[in-house]
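A quick write-up on the structure given underneath.
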């Protein structure tokens, strides 16, 4: 199938004033996102997720490599017609009301007035801001701003939806709504690129994921495949069992009926993620993002002898 | 002691932040370069060059000083209040009063640093300007081209060295550029002080028009008053309207004598406005230096008292606003 | 495309209004255009007051609106880049030039609003001035002298010919004022000035003629109520500063001659009425001045540029006012484009500094010709080189910036001169068309290449 997003050797190096390389944010990234799938982009802080997204949206220009989004260049206007983007922060015009915001972005897509009005109302209903439709966005809480940000990303019924930390700042109900929305859109054949720190969210909705560390791709594949531990075999039996997997399954099914299941055990995505990052760190590469965490600092720990007291005494602020 | 340390830390932060703004270096450089160019542009004015250069340079000091101070005051407080940085500081054991006063101290120190540069450039420009010398050997109209060359070279050298420092050791270009500019001006001032205007070595001659120093000092006092007003305004308005309001205050203060002073004897309102509005004319004494005049010490004291009292009143008003302002 | 540009224009207007700069500009404008003209006194005449009203009101409006335009336009793009708002626009199907055009049009709509407000206030003031008994000369003079725009026809060129220059050079050399060996080129400038000064002066008992060609159709607006004038600027060489003499205006085509005694004219600009029937609608008009003074030192010096002019009614005041406003709007169009372009490249304070510096440089560039003194020989190579480079740069600046400020016709309007349609059209085409297009193209290119999602932005 033709990929919705295709990068080959994608590299982004941020330079200083003298054009000397300062930070290598993305390094030789090969990524294929198939049309119609929900793709998750994971990685610790500073791993290059947001930079990758900005490169895919044409907000940054690659230092090397190539990017194709919906078979075109990312800064092509025709590409942008098919994209919806929810940034990690609220970049909305503070003085526009929620309704005016959606109307404004709708105009940028040349959507007719009637259709624009209909979509605006429906989106406001969807994100639960119908009551606050005429309040300026500048007065909104962070969660409300995220909701209106999501609504503007959907105003053009995009073929590719890019969501950068979509659940950040949202309450549990909002998070649930976002997940339901992603599932609904996926069913309609939309491609969704999701970037999140909340691994449970990603695990729930993504078909495939990629893990970035230090600008490099460390793991990529279907969630089920990645989380499957092929070194061990888990047998789900109504009672005790033994023998090779296929034979065992056959034996088991013959003996216990067709509901018997023999498969590989699945670990938690969080464990898998930490394992990938740990292996990448063991490579001793210079780190462009957040470095190795050193654990809880000494002065914050409870010691056996009571609260920590610094050398030289005094607990002064 | 803790409060003093907090105060100095906050003031240093405010000053450092302003010094690192590109606009600060841009304004300082333009001001000094313009001052240095004045004697070159105003050639052959039959001995009037010194007066014209002096007044032009002091006017530049005043105008650019207002821009530097206005920008530093309105930008730092208004932006910090709306951007959340002020909130982060105020959640620490720091009072609003201290935060506000430290901001003021930081901005005033920026104004003082700028004024030192401007005063040095004014002294050097005045020295460069053409003058008539009644000397049997080297008499006639004389221009101190050596000093002019050194000032211009100083500007270029400071930029080049700042560039090298930034390239090699990643020093911030803006603040190191300004520091080097001040250093080069001081070096030029000291070196040329050991020569007469004909370029002959005369140790410790210091052939400068020292009357400029009190005039520059008065302008610095005006900048301190202006900083207090700009800071008070920025507690209520965002940066852009603050700058607009500052321009209004500046204009009104400049015409205060003409508009309100002349009507003060007839109208109570005019008399009140004349007293309440800042009168910038009190700090503009360049005219007094014409024909060999000097600014007396008692006038400096009086002006300093006026500036101190006025700034204190405006700071108190600004503090009242700031205490009631929503931060973050 | 139009829908997108309109949406962005409306957004730019809202942003400008919300940023309070527009409101501050509006308040400053209202205060300036109402308070200042009312508190500045002219020469005591109603016509003088009307001139001041027009000049001050429009000039102040231009300064205030121009400052506001630069300020607002600088922040329009730079602050959106800084706050990240532009990212959400950049990922939509909008081209960089549409973003630029939208912002420019939005800000221009606000500029137009400011100028319309100014024009309305000015019209109200002028309406009351023409209906009050202000000054000694009365409202009719205001209508005649100021509110009736006149086209100026200048005399046939009186330029110094090469022959006249060489004659003067030969004469001075024969009289011994010029040393042998001095070439004509080395003394060209002072000799030319000397000839021009001599031509400008009319000695006691002497007379001077100027021939003015009036094109056909020029008198279409002239009539009994709309008189033509001879305007001249004169100065007396005597200590009394008064000029005595006689003006004769004759027209070979209309076969008429008209004489007016010119007694007791003070130094300055004067106008004398001409009967409507005297002037032909096409053909030459000869204006003669006869200096009637008997005092030897009492020469009349006609120093104006031009020294004498024929002022013929042309069009309505409203039309000239509209053309002046079009010129002002064109200037604001350039300033807005400049600010937007600077804001695309730099952060807001640096953009504002760069834009205001550019305006200052263009203003100073106009005076580069005035400074033509050579450098002293002891300044050295570097200083001489800098002077040469500086002069060349000033010429380029003048070439680029000159047309920008020539579009402003406030002084002509205040002096009762008609603003020609051609000038307004050229202003609009060049300033509101060519300059913003060039600046817009540059800014769009930069905006499309600029990384809007860079770290720390």
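General observations
By letter and in written order, the chains are A, B and C; residue numbering begins at 1 in each of them.
Keep in mind that, in the parts below, a residue touches a chain if its C-beta (ideal position, glycine included) is under 8 Å from a C-beta of that chain, and two chains touch if they have at least 3 such contacts.
Keep in mind that this is a model prediction, so the values were computed, not measured.
A summary of chain positions shows that the Cα centroid lying nearest the centre of all protein Cα atoms is that of chain B. When C-beta pairs in contact are tallied for every pair of chains, the largest tally goes to A-C. The centroid of the Cα atoms in subunit B and the matching centroid in subunit C are 36 Å apart.
Per-chain CA centroids place subunit A at a distance of 51 Å from subunit B.
Taking each chain's centre as the average of its CA atoms, subunit A and subunit C sit 61 Å apart.
The set of subunit B residues touching two or more other chains is empty.
Those residues of subunit B whose C-beta lies close enough to touch subunit C in the complex are 21-23, 26-27, 30, 40-41, 43-44, 71, 75, 143, 145, 149, 237-238, 240-241, 244-245, 248. Note for the complex: subunit C touches subunit A at residues 3-4, 6-8, 11, 14-15, 18, 83-95, 448-449, 451-455.
The touching residues of subunit A, counted against subunit C in their complex, run 14, 23, 54, 57-61, 75, 77-78, 80-81, 83, 85, 87, 89, 91-93, 95-96, 104-105, 107-110, 152. Those residues of subunit C whose C-beta lies close enough to touch subunit B in the complex are 19-21, 24-25, 28, 71, 75, 347, 349-350, 353, 357, 371, 373, 375-376, 378-380, 382-383. Subunit B makes touch with subunit A in their complex at residues 2, 92-93, 166-167, 173.
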